[in-house]
Amino acid sequence: MRLSVILFLIAISTVLAGSVTIKSLVFPTETSTSYVGMVPKKPMTLNAFTLCMRVATELPGERETILFAYRTRDYDELNVWRELDGRLSFALAGGTVMFQVPPFSALQSHLCITWDSSSGASTVFMDGKKSLTKTYKQGHTIQPNGKVIIGQDPDNYLGEFDANQSFVGEMCDINMWDSVLSDRTINDLFTGKRVPRGNVFDWETAEFEVKGQVQVVDRVL
Amino acid sequence: MRLSVILFLIAISTVLAGSVTIKSLVFPTETSTSYVGMVPKKPMTLNAFTLCMRVATELPGERETILFAYRTRDYDELNVWRELDGRLSFALAGGTVMFQVPPFSALQSHLCITWDSSSGASTVFMDGKKSLTKTYKQGHTIQPNGKVIIGQDPDNYLGEFDANQSFVGEMCDINMWDSVLSDRTINDLFTGKRVPRGNVFDWETAEFEVKGQVQVVDRVL
Amino acid sequence: MRLSVILFLIAISTVLAGSVTIKSLVFPTETSTSYVGMVPKKPMTLNAFTLCMRVATELPGERETILFAYRTRDYDELNVWRELDGRLSFALAGGTVMFQVPPFSALQSHLCITWDSSSGASTVFMDGKKSLTKTYKQGHTIQPNGKVIIGQDPDNYLGEFDANQSFVGEMCDINMWDSVLSDRTINDLFTGKRVPRGNVFDWETAEFEVKGQVQVVDRVL
C-alpha cells in the first residue's frame, strides 16, 4: 500500500516535471531599441548572488554582446558580457573579471555566475560545468534601486543603447538568488530541476516589460 | 513481494540496457567511391521528421562534408551538411537552413535534426542540447522513392561523387522518425535510451549495403 | 519495513555522495619550478591503463602544455600533452597518438585516456564522450620504477623543466587503473560516481609532494 503511494507520487512528479511551460525571449535582429525590463522580487542589495539563464546566439566571437545589465542612476552595478575575444565577463561597478569559456552557438547553453563578497570568489558555470575560481571585488556590496535590462547595455539610466552591443538570439529562464548555490544545485538546474526558485528573479513568475522587436514565445520543458 | 518484483525488473533492465551491440561505420579515408546505402522501413513521404545519428570526425572546419543524403531521381530531397565554415545545415529540395554549432571532433557527438512542415519549425540538437528554432520550407512535403546514401553526396541518382565532400570518420545509430520527437525524448536518446525506435530508419534492424572502403565494426553500448 | 530500509539506504547514500571533499591543485602562473610528485600504489608495469583527471586551463591553444608525465631514468614512459595545435596526445616511450578534441577552457573538463597493449586500442574521453579508436603501441609494456610529475615535463629524471610547457590552471581527481574501464564506468565517473577507486592512483588517498607555487585547495563534490 505504501509502495503504491510512493510509485503514484513518482509518476505524478514525472508528469508534472514534463509539463512546465516557460516564456522565452527571441531577439531576431540587431537593434538599439529592443529590450526587456525585469522587476526584481526584492531590493537588489546583494553581498552574494547566483545569476542563471539559458542563452543561444549565433553572433560571431568578434563582437561585444551584453547578456544582462543592472544599472542604478550612476553606476553599472552588474553587467554580464560576452567579450570581443569570446571570453565571458562580469563587472560590478568598476573592474571586470573574465573567463575563457566555450563559444556560444545556436545550441542553448545554461549559464550561471556566482559571486560572494566575503571571499570575492567568482565562478561561472556552463551546462553544469564549473570554472576555476577567481577573486574579484571582495567586500563590495551591489546597490539597490536600479533597473535590469535584457538585450541592451544602457550607458546611462535606461538609455543610450548601442546596436553593436545588443543581444541577438534567444534567452530564457533568467533566475537570480541572493546567495551562492551549491555546485550540485546548479547542475540540477542545468539538467532541468525547477527548484529552488530564484528569490531575486524567478522566471516562472517574473513580470517583464517588452520594448521593440522582441518575440515572447512559449517553451515546454 | 511486489517490491521484490519491481527491484528484479529494475535489475534486469539495467543488465539488458548494458547489452546492446550496434554496428558502427568507419570511413577511414577520403574517397569518391565508398558509401553505405540504407533502405527505409516505409516510403519517405514526410511532412515532419526527426533524424538522429552519432558522428565523430577529425576533418578540419574548412571543408564541406556530407552527413546524410536522400535523393530522388531529380532532387536532393534531404541533405545534411557540415558546411565550409563549420555550420551545420540541412536542405530540402531547394534552399538551406544553417545552424552555428560547436565543431565536430574525435569525440562522438549525438546529432538530431527536426523539421515540421505545418510550422516550418527547424531545430538541431547536439548532445541533447536544443538550438534556437528557425523557420524553413513551411508546407513542403518530402517525396518518396529515392535513395539514402551515407558517406557521399550524389550529384545525380546514385553517382557523381566528389571525394572533397565525402565523409571521413565514424558514424552510427542513424535513426529516423516521421514526426518531431519531444526535447526530452531526444535528450533520453542522447543519454543512451534505446526507445522509441525509428519508424523510418531503425539502426538496430536496418539493412544496409556497403560499398568500397567502409569498415563495419561492433560497438557495445 | 523492507521498503523503509531501502529508502533509508537511498537517503544515506545521497547524503554520503554529497559529502566528499577532495584536494585540488591550482598552478597560478607559468614556472619551471612548480610541480606535484605522485606516488603510485603499485609498480607501474602496465599492459593497459585508464588515466582520468579533471582539468581547467585558460592557456591559449597555441602552446604545448604537459598534463601528466611518468618518466623512468631513461624514457618518457607515459606523457599526456595538449599539443601546440590544441590536439590531445599521449606518448608511450616513442611515437605519439593524437586526438582532435574540443579546447580546454576555464570550465573543468573530465578527461580519461585508455590504452590496451593487446590490441593497441587507444581512446580518449572528454566529459564522458568517447573518441574514435586509434591503434598505438600494440604489444608494448609500460615500465616501472619511474616518477610521476604533475605540472612539468621532465626532460631527464626529475629535472630540466621548461616553463613554456608547464601547466597553468587547476587539476584534480587524478586517478589511474591498470585496466581499461568500460564506457559506462567512465561516464559514471564523469557524472560524479566515486567508484571504482583507482588501483594505481587513487586521488582520495594519494600521497603527493608539492614543490614551488602550487596551491592545494579543498573542493566539495
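Letters A, B and C name the chains as they come in the text, with residue numbers starting at 1 for each one.
Methods note: a contact is a pair of C-beta atoms (placed from the backbone, for glycine too) under 8 Å apart; a residue touches a chain by one contact, two chains touch by 3 or more.
What you are looking at is a predicted structure, and each value in this text was computed from that prediction instead of being measured.
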{"item": "Arrangement of touching chains [line / ring / star / complete / other]", "value": "complete"}
{"item": "Interface residue identity across copies chain B, chain C - same or different by half", "value": "different"}
{"item": "Cα superposition angle of chain A on its copy chain B, in degrees to the nearest 5", "value": "120"}
{"item": "Inter-chain centre distance, chain B versus chain C - centres from mean C-alpha coordinates, in Å", "value": "33"}
{"item": "Residues of chain C whose C-beta touches two or more other chains", "value": "3, 102"}
{"item": "Chain B - residues contacting chain A, complex", "value": "2-3, 6, 99-102, 124-126, 129-132, 182-184"}
{"item": "Chain B residues touching chain C - in the complex, by the definition given at the top", "value": "3, 18, 26, 56, 58, 102-103, 105-109, 127, 169-170, 220-221"}
